[in-house]
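Below are two complexes that have chain A in common, paired first with chain B and then with chain C.
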Partner chain A sequence: MSITVKNVSKRFGHFQALDRVSMEVPSGTLVALLGPSGSGKTTLLRVIAGLETPDDGTVLYQDQEVTSQSARDRNVGFVFQHYALFRHMTVFDNIGFGLSVRKWPKEKIAQRVNELLHLIRLEGLEGRYPNQLSGGQRQRVALARALAAQPKVLLLDEPFGALDAKVRIELREWLRRLHDEIHVTSIFVTHDQDEAFAVADRVVVLRDGRIEQMGPPTEVYEHPANAFVMDFLGQVNVFQGTASESGPQITGFSDVKGTPVKDFCSNTIYVRPFDLDIVHELNGQAGLAGKIIHITPAGGVVRVHLQDLHSTARVLVEMNFARLKEMGLTVGKQVGIVPKKARIFTPDYMI
Partner chain B sequence: MKNNTRNALPGLSLSLGYSMTYLSLLVLIPLSACFLKTATLSWKEMGDVVWSQRTLSAYSLTFSSAFFAAVINMVLGFWVAWVLVRYEFPGKRLLDSLVDLPLALPTAVAGLVYSSLYVENGWFGRFLVPLGIEGAYSKFGIVWVLVFTGFPFVVRTVQPVLEEIEPEVEEAARIMGASRWQVFTRILFPMVFPALLTGFAQAFARGLGEYGSVVFVSSNIPFVSEMAPVLIVARLEEMAYAEATAIATVLLIASFTMLAMINVLEAWSKRRG
Partner chain C sequence: MVKDTRTIPIHQIRKGEPAWVKALLITGAIGILVILIGIPVLHVFYRAFENGLKAYWTSLTGNRDTLHSIWLTLSIAPRAVLLNLIFGVAAAWAVARFRFPGRTFFLALIDLPLAISPVVAGLFFVLLFGMNGWFGEWLDAHGLQVLFGTPALVLATSFVTLPFIVRELIPVMEAYGDEEELAGISLGASGWQMFWRITLPNIRWGLLYGMILCNARAMGEYGAVYMISGRISGLNDTMPLRVEKLFQEYDMAGAFALASLLTLLSLVTLGLKTFLDKKYPVHEKSKEGQE
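And then the complex of A and B:
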């Protein structure tokens, strides 16, 4: 079932949580609402769920308007960040709760709960209480509970936020596989861009109650609509410079191959850490002279923190481990930093 | 491996010793004195005192009125705690501090005020007595004044537990299709129940030992409206110290057993949460 949000606004006192937000979630997709805290992503999710009534605008499930319908009547599954399990009930009763309040017969409840226990791989733990489970197990129970009544829509509010890094990655991959199996239209909120990109079919980036950009993860990553999105999607180096129709000119870098921009009027240039490269010597090449001050491994890549000898600004370069070894880079070494690609944004999105 | 008995929290022996000393001085020694004094009676003498009609009727009055008062308090206290946690209204903080008043007020004052309100020409009594409702010098009066003295306990045990329940838990239940009533009966009430039992036990225990208010509100007629604590004082005034302590000892053992039973029940209901 598709979900349409039209011009939704929500205000809490003086705080504008949502400001005329419109978006569409095609049926059967998994969409991530991504943004920093206070960007309105959770409020948007709660409006879609019916836990919050918008001040303005409409919410449609398929073609049916549900704006004023209560959460109870919308038949959605909702997963809360801190699980919100019923601590006085067993895993079995937690999962079956929605079915028993809907007056399902006992055998059918048992059958459905067992199906779900199999799905979340917690067979044999149905008699446990939530406080006897690990964080990951609790969140899986919360998910099974949300799926119990076969909802048309599954909504997840920072579902993995309270888990440790390893479990988080396991669980998000599991969620993706689960979604591929059951194809229920799903929206999840996160502030972690890795999580959004790893799981979602589409990413919606929010800031200050407004949508900054939406699209498939690769598109959003490759073509960020503005400086905010660029910055939010990962660490970025900020340089001063100028640009012309032919491309950006970074102070210090004499010739940078970047996307040509029209109507240029900015002097801030953004370069992703892996769009920079390190060379032993500049030898007249366009680049900055820098000194390595710190090297940190991060998954498959190595982050090299450098200091620009000229302006003392910090520069971050990402490269693969093999290349770092090959070049014999160590802390304290003086090297050249050369750009591969840079981006420029207009000043109203200056960071 | 030296010092492997060291604990992250130092001072166990000191603080435990300190607590045990105080517990002994304040609770154990006076209570054992009570038992020792009782032991000066022979079994037969003790049986005569404890098993006499007058004592038995005092016990049954004490236990039944403390029990009913605690039940009423369970309902009222839950209600008040609910209102205090759930709603915002002017005067909420005043109401919140009023809850503790019965603990601060000398209970004798409560007894006096209650009896003067409910006597035939009292403010309430002038309307109630013609209807056949005797507020003062009756069982009703005793229960009522015990409700007053035990009131803070249930409120103060239930309140923090209610506050602790995250709104998400209710939202989760609602979104899964539960009606408001189902949210209350299946989610909120079971979560609060252990605390409610604790409050009940405390109010009940308070009611068993209450003297100051009861002595004023009850007519203290032997066999009819004489509470066990009042009987104990009556025996003391007759210089029958051993008899007084014998009654007290039975009261003590009975209360202890009941509290222990409530604790077991509470642990059982908590284990599930």
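And then the complex of A and C:
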């Protein structure tokens, strides 16, 4: 079932949590609401769930308007940030709660709960209480409980926020596989861009109650709509420079190729760590002279932290491990930093 | 297992105190407790039983007015607790779950019965329901007797014991938050289903604790009840009023017998409270199920 949000606004006192937000979630997709804290992502999720009433605007499930419907009648599955499991009930009763309030017969409840226990791989733990489970197990119980009554929509608020790094990654991959199996329209809130990119079909980036950009992960990553999105999506190097019709001029770099821009003004120039390269000698090439101060491996890549010899600014470069070995780069070495790609944004995003 | 720091004896934490200071403080505290609480309580029992068990039993059951006062107190206290139970849950819910204008004022108002003299509280009810009071004429015209009757006794007792359940519930409800309740609603529960199946089980120990305290205070209430009861023996005398009356009439055996029973009821309450404290510490209970 598709979800449409039209011009939704919500205020808490003087705080504008949502400001005329509109978006569409196609049926069967998994969408991530991504943004820093206070960006309105959780409020948007709660408005969609019916746990919060918007001051203005409408929410539609398929073609049906549900804005004034209570959460109870919307048949959504909601997974809370801290799970909100019923602590006085066993795992079995937690999962079966949505069915028992709907007056399902006992045998059918047992059948459905067992099915879900199998799905979340917690068979045999149905008699436990929430405080006897690990964080990851609680999270899965919360998910099973939300899925029990076969909701039309699954909403998850920071679903992996309270888990440690390893369990986080396992669970998010499991969530993706689960989604591929059951195809329920799902929206989850996160502040972690890796998580959003790893799991979602579409990413919606929010800031200060507004949508900054939405689209498939690759598109958002490749073509960030503005400086905020660029900055938020990961570590980025910031240089001062000017944009001209022939391309950006980065202060310090002598000549850098980039996308030509129309406006002629002083600007901040953003370069992703992966769009910089390291060479032994500049040999008149456009670039900065830098000294390696730190090398950290991060998954498949290596992060090289350098110091610009002129401005003493820090520069971060990402490269693959093989190339680092081949070039024999070590801490303390003086090298040249050359850009492959740079990106310029207009000043109204500079605060 | 994380080591519980509360189990470390005090002398390990503060080594600096000289022994004589410790000894002085401990003896002082225990001495005051013994003189102010221990001796009087023991004395009540001593006086009650000084003529033997049989005399004790006769003093209690031989007097119809005394028996009636026991029955009256035992019937008023649960009704006052019930009223406060309903009010307490509703008020705690409002305060813990919502932010509304006048919330702070409302909280202060809840504490009023603790600050105000019970005699003054009793006077309020006389002003409200007495013949010259606001509702007096109307009540009289409809043949309703509030003042001097059980309704007034229940009302006055409820007023005096009002803060106990609310004050117990607010921190419990605030500690466990509203997420479980919202989860219940999002899973399709109605308001009542949510209350009975989620809210009530979560607050049950806090609620019971509040009820016990409320009951203890209700049984011992004297001042407010004194103002509005009429003090007619065998009609509207409660246990504390009856104790006072027997004492004034120099029926020491009867006064002490009834006083010992009242004390015993308080001790039972205290025992229950201590038992609950140990078994279900309210604050740890409310943290369960989180992280």
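Brief remarks on what is shown
By definition in this document, the second predicted complex is superposed on the first by the 348 of 351 C-alpha atoms of A that agree within 3 Å, B and C clash if a C-alpha of one lies under 4 Å from a C-alpha of the other, contacts with A are read in each partner's own complex, and residues count from 1 in each chain.
To be clear about the criterion, contacts are C-beta pairs under 8 Å (C-beta built on N, C-alpha and C of every residue); 3 or more make two chains touch, one makes a residue touch a chain.
As the structure is a prediction and not an experimental result, all values here were calculated from the model.
Annotation: superposed three-chain arrangement on chain A; chain B versus chain C shows a clash.
Of the two partner chains placed by superposition, chain B and chain C are both touched by A:F80. Contacts of A:A162 after superposition: chain C is touched, whereas chain B is not reached. Of the two partner chains, both chain B and chain C are touched by A:R72. Touch criterion met: A:G135 reaches chain C, while chain B stays clear of it. By the touch criterion defined above, A:F97 lies against chain B and chain C together after alignment on the C-alpha atoms of chain A. Comparing the listed stretches 26-34, 80-88 or 134-142 of chain C against chain B after superposition, the clashing one is 80-88. According to the touch criterion, the shared surface of chain A, contacted by chain B in one complex and chain C in the other, consists of residues 49-51, 70-72, 76-78, 80, 82, 84-88, 97-98, 101-102, 129, 131, 145-146, 148-149.
Interface residues of chain A facing chain B in the complex, by the touch rule stated above, are 49-51, 70-72, 74, 76-78, 80, 82, 84-88, 97-98, 101-102, 129, 131, 145-146, 148-149.
In the complex of the two chains, the chain A residues touching chain C come out as 49-51, 70-72, 75-78, 80, 82, 84-88, 97-98, 101-102, 129-131, 135, 145-146, 148-149, 162. Listed in rising order, the residues of chain C touching chain A in the complex are 176, 179-180, 182-190, 193, 197-198, 201-202, 288-291. Those residues of chain B that touch chain A in the shared complex are 166, 168-169, 171-179, 182, 186-187, 190-191, 272-273.
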